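In order of appearance the chains are A, B, C and D, and numbering begins at 1 in each one.
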Amino acid sequence: MRSAAFRKEGSFAALLVAPSLVVLVLTTTFPLVYLFWSSFQNINLAMPFLDGFAGLDNYRRMIGDGGFWHSIGLTAIYTLATVVLQVAVGLGLALLVLRIPAGQWMFRIVAILPIVLAPVVVGLFFRTLMFAPNFGILDFVVRWLGLGPVNWLGAPTPALVSVIIIHTWQWTPFAFLVLLASLAALPPDVYEAARIDRANALQRFWHITLPLIRPALVIVVIMRAMIALSAFAAIFAATGGGPGTATEILNLYAYRTSFVTLDFGYGSALAVALLVLTMIVSGALFYMRTARTS
Amino acid sequence: MTERRTTSLGRRTVLKGAASGLAVLAAPGILTRRARAQAQGMDTSSFANAKIDWRQAEGASITIGVTPAGYFNNLDAVLPAFNQMTGINARLEMTPPGQIRQKAVLDLSSKTGTWASHAADPMYYDLYVANGWVDPLDLYLGDAKRTDQAWFDYEDILEGWRGSTSIDGKPYGMPFDGEATVQVYRKDVYAERGLKAAETLEEYVANAKAVHDPGNRLWGAALRGFKGAGQNMYIYPSIFREFGGEWFDGERLVVDSEQALAALDWYVQLLTTYSPSGVENWNWPDIADAFGQGTLGSYIDAHSSAAVIADPAKSKVVGKVAFARWPKGPSGKRCTSIWNWSFPINAALPEKEKTATWLFLQWAASKETQAATSHAFPGAYKRSGVNRTSLWNDEAYRAEIAKLGDNLIEATTQSFAEDTDVDWRPRLPQWPAVGETMATAIQATLVGQASGKDALREAQARIDGILKG
Amino acid sequence: MSDGKGRVTLRGIRKDYGSFQALKGIDLDIEAQEFFALLGPSGSGKSTTLRVIAGLETPDAGTMTVDGQDVTHAEPGERNVAMVFQNYALYPHMTVEQNIGFPLRMDGVPRSQIPPLVLEAARRVRIDHLLHRRPGQLSGGQQQRCALARAIVRRPRLFLLDEPLSNLDAQLRLETRVELKRLHRSLDVTTVYVTHDQEEAMTIADRMAVFLDGEIVQVGTPDDVFNRPDNLAVAAFIGSPPMNLLPGRFEDGAVILAGERIALTHRSERAAGDVVAGIRPSHIRVAETGVPARVVLSENLGETMLVNAEIEGRPVKVRLPEVRRIGDGETVRLVFEPNHIHLFDPQSKRRID
Amino acid sequence: MAAANRHKAARLRRNIVLYAAAGLLFFVWAFPVFWAVVVSLKSETEVLAYPPRLFFEPTLLNYRDALVGGFSILPSFTTSFIVSGLTTVLTVVLAVPCAYAFARLRLRGKKWLGFYTLVTQMVPPVGLVIPYFLILNRVGWLDTYQGMVIVYLTFSLPFAIWLMVSYMEDIPREMEEAAFLDKASRFQALWHVILPQVRGGIAVTVIFVFLNAWNEFLFAVQLGGNTVRPVTVAMYNFVSVEQTLWAKLSAAALIAMLPMIIIGFAAQRQIVKGLTVGAVKGGGRR
């Protein structure tokens, strides 16, 4: 808690912060205010004669809207599944790669690939080149293995599984790279000590590795949860939220309400709901992080 | 950028003929450049016959939003002729098909006038008009200073298309390119099995059954399965109408009638029995791709997909294709789509730009430009969806289109003449929401998420909510 | 430039961090050109005091003057002080040469004059052969010298060292200690030196201040502090091991410890009463007579021997000048050298003279 | 001897298993990209062939079409470079000082400002398209470079500040204190002492901001146009109303992603660092 208190510190800090803040305020204040404002309005382009102040109507409507709760449920499943998969697969892969004596660099490089690809491209590629029945290579492989045919994107549950696979494919490398780096940074003497204490591999993992990489795990969970909550482009390109509404997470539902149904008022309310949800989830995760570490 | 864009389709035919790789590398660029030059040199002399001043909006700049498609590419290629003739700087802006409607609505609703005009979906005119976003075109058509009615001959444009772009008798959009929904089938496969094009929906199912042989990678039939107002809700309304469905009961939109359910059952039955798995996500390009690969006996979709399945660079069934009209439904009716891309005039424009836009509309919809972008186009791709009755009767045009498959011309013109139906889809400002709701219900039934009855009942409830506001 | 001044005065300096009082009112005078040590355990306030002198901390109360001029609120850069940090704080992206030259650059010294000054400073600490290396390529000792050179190159009027030797190994620490002293002599700059190591403070400082719990408990020469601890706190802190402190009673110029009466030749005028007697382990002998003590453990230190014993259950340490066999549990008799017995008042905890 | 051999054999077995498992996962991650490359080398008919063929006569025509054909994405390449480049430069110039202040300086309301920047990052883009459209239209910046850069700044800036703060916090405070004692002003301390030490962090920020700007699609479609048409939008020229040209789309997408892939490979170390910053903390400063 040392602090250097100089007279000019405050004004110097203000000087450094000001440009960024001015830009942020200028570019985000209006959109944010507009978003909130329109969530309290009736703005339905298809019915301009109804436009006007709606009070809490849009929010009230949300409570009784099955589509909203359906999308919330999907958002929860999608977020939970992708985060768990990314962490589990990423950690497994990291533990595995750490053990191979040579060629680790190849994995690091391959892991970069999905991360740098545009989600919209990934969604498009998976939709057709991977998943499409009678066309996609994955479909072919699954059939060849005698497991198919699976109608990947054409049936509700497989479609949800598919978009989760796509997300997991693209972002597990993130978890993998972070966890690989933290695992590599772990002090070897701890393991030697554990070995002397006759801990077996599983015990070593459970009692030493996991607690030691906990900070990294928590960060990964936080960042991945935030990204999963705001996922859009890949699902949009792969399924458009379908079939039916089987993959229509809240983000897509808000998009459809605003841009397809043209109900901007309700769409804004849904966007606000998503914002609040994201803040709650990330806030809770951040709280867990600071509460446990301090 | 716009200039370079025109040429990719022309190249394909050249590739076909070229034997050696290196020669191929050099050749296409040259040829397409020539094609573009020729297109630019489009003969504009007949425009002088119009008794209007083509240069009255000289200096105006207008942007027209379009979407990647062969017909717009061709239009783009001849656009310099327009600019040269009028002194207007008109540009086409390509927007992905998935976003063009949203972008247009965003632009119109915020009255920015970014797009002077755009390729519009006819189902959106009720919305546009309810909001006063677009100008009625009779203002322009009736203005002798801006229109030579005799020369332009608006009545020559296909009637169904004019109807689809008019509200209460007033025109709001200028049809540019459109389609009829027709049966497409493999004449070789049908002949082998002694089948002929279906006359009724029952026969269509029977044909599909006769052809269906998934073990040999041949499926009976396919229709659009993808969710969307312009996807499954493009094909379903035709079936609905053929089953005798009526969209409106007085003022109320009804989507869960007996006929609606029967139509949905027929659709689901056909697709789940005789279509490849995955059809739930198929849009028209996917159907055409599958048919082009020889895996489909038949499908019902826009006649313009003929261009894709007649393209040897992509299709293995060239020369094995024939066309026929929609089969009749139980009501004895055939119902083709009246779908077309049309150009409205953005009401938020200043007067001079409006005039410029109108001149563009006239020019684009004129016989000359329609011909210049179709059979008279020097590139490989010839439009097959011209907007004028006179052209559909034009021998040169018919000859060009006939190359795409047996009976195409006949099926299409008959469809235009007899099978169009103003009430093909329910026209109302809330169409985007209604169409999307129906699309979701149809797809939910197709994938087994809900029974047809439940899905339609829920859709009805939603639509009631939507229309109540 | 060193102008022979550099007299520092602190008056009533207080510093709080939340509810923790880091400095509870420090008064301190540091003479010009003096080598002054701030000694104390960690958390005692010595480092905070140094940082206040440097200007890195602003006190919550009190004033600081240098040569009579009030600098309490002056920026660090305005004070003409140089500092060597515990971890050296070398700029890792600069070479040794650039590191040493940095203060000159910031001071506006013309570019052409910088290299010779840098070279001179580097020579003084004998790292002139390393000028083109980066800190990461130096050993700990070399880094430390580099930090020293960076501090002296500008000839500050105050030279501040924050535990400069704590990151060096024992051998190097000894050598550097000597070198620091030599450097101070040649530079003639007021030097304030923070350490928790009393041996370091003793050997190197002209004078020192002993810090405990945010207060200065004694200021004086190393000899004063060692041989005349002002109070019980200093007595219990200084020395390795520190003084034995035993409760006793003063009567008639003599002190009574564990029933044994020890006559004190030099203190007689005081009234009788309870006292605390302090005596360093090396001022106790094992003899045939004296206070009986039970040996708990005897440690062989090579040249000397440290005996841990108990007198009436109280621990006593005895340093014997030679190693001899003393069995654990054995009872010995201890003799206290009367003229090395310090007396403290158990109430005021102050020294009784 | 026998024991040693047995040991050796066990290790060999273990390695084989490890490599097999690792190889399988490697394959899973590399395959989609590999397959995109394969598809881009096929003709359109070949692409649609089933079962998919691994052996075919490869062609580079798709690449030529994507590069110099009618739908060349090269002009869009330039656009993407300008937009992403400008966004990156501005973001870094603005974010670095701000991050320094957040990490080190005392400022009234800093917590709230930090929270505000975090919140702006969470707003769903869907809710922002309409207001942005209105604003940009008002100032006449629709379909302009400056308009697009401004919009991207709102996303990149909070992210960059957040990233840079972690790097700034890693620098020992003594560095600045030493600089102050060396008579450096606050600005000089930042410029001469802090900035050179966070060069790695700046590099990471540059890479990520550039990457995100390059890959953006939703805003590019809605707020761009003929003038500003980044590669992610231009690729869609191969997804026409009539058909999707898969081979050309693959080629175009691969070309469009090539700079990112190159950056990814070249700056692999920095990216990993960027991903792990803050995460591995506690494992030492450096």
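As a working rule, a residue touches a chain if its C-beta (ideal position, glycine included) is under 8 Å from a C-beta of that chain, and two chains touch if they have at least 3 such contacts.
These numbers were taken from a predicted model, which means no experiment stands behind them.
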Touching subunit A and also subunit B, the following chains: D
Chain whose Cα centroid lies at the greatest distance from that of subunit A: C
Pair sharing more residue contacts (C-beta pairs) when A-D is set against B-D: A-D
Euclidean distance of C-alpha centroids - subunit A vs subunit D, Å: 16
Distance from subunit D to subunit B - Cα centre to Cα centre, in angstrom: 38
Computed distance of Cα centres, subunit D from subunit C, in Å: 54
Computed distance of Cα centres, subunit C from subunit B, in Å: 91
Per-residue overlap in subunit B, given as positions that touch at least 2 other chains: 102, 217, 289, 295
Residue numbers of subunit D (touch at least two other chains): 48, 50, 130, 134, 177, 180, 239, 244
Multi-chain contact residues (two or more partners), subunit C: 56, 75
For the subunit D and subunit B complex, residues of the former touching the latter: 43-45, 48-50, 59, 61, 64-65, 68-72, 75, 129-130, 133-134, 137, 142-143, 221-222, 225-226, 229, 233, 236-244
Of subunit B, residues touching subunit A in the complex: 102, 105, 109, 127, 130-131, 217, 225-229, 276-281, 286, 289-290, 295, 429-433, 436, 440, 443-444, 446-450, 466, 469
List of subunit A residues in touch with subunit B within their complex: 42, 44-50, 127, 132-135, 139, 149, 151-156, 239-246, 256, 259-263
Contacting residues of subunit D [partner subunit C, same complex]: 172, 174-175, 177-185, 188, 192-193, 196-197, 199
Footprint of subunit D on subunit A - complex, ascending: 2-6, 8-10, 12-14, 16-17, 19-21, 23-24, 27-28, 30-32, 34-35, 38, 93, 96-97, 99-101, 106-122, 124-126, 128-130, 134-135, 137, 140, 144, 169, 172-174, 177-178, 181-182, 185-186, 215-216, 219-220, 226, 230, 232-233, 251, 254-255, 258, 264, 267-268, 271-272, 274-275, 278-279, 282
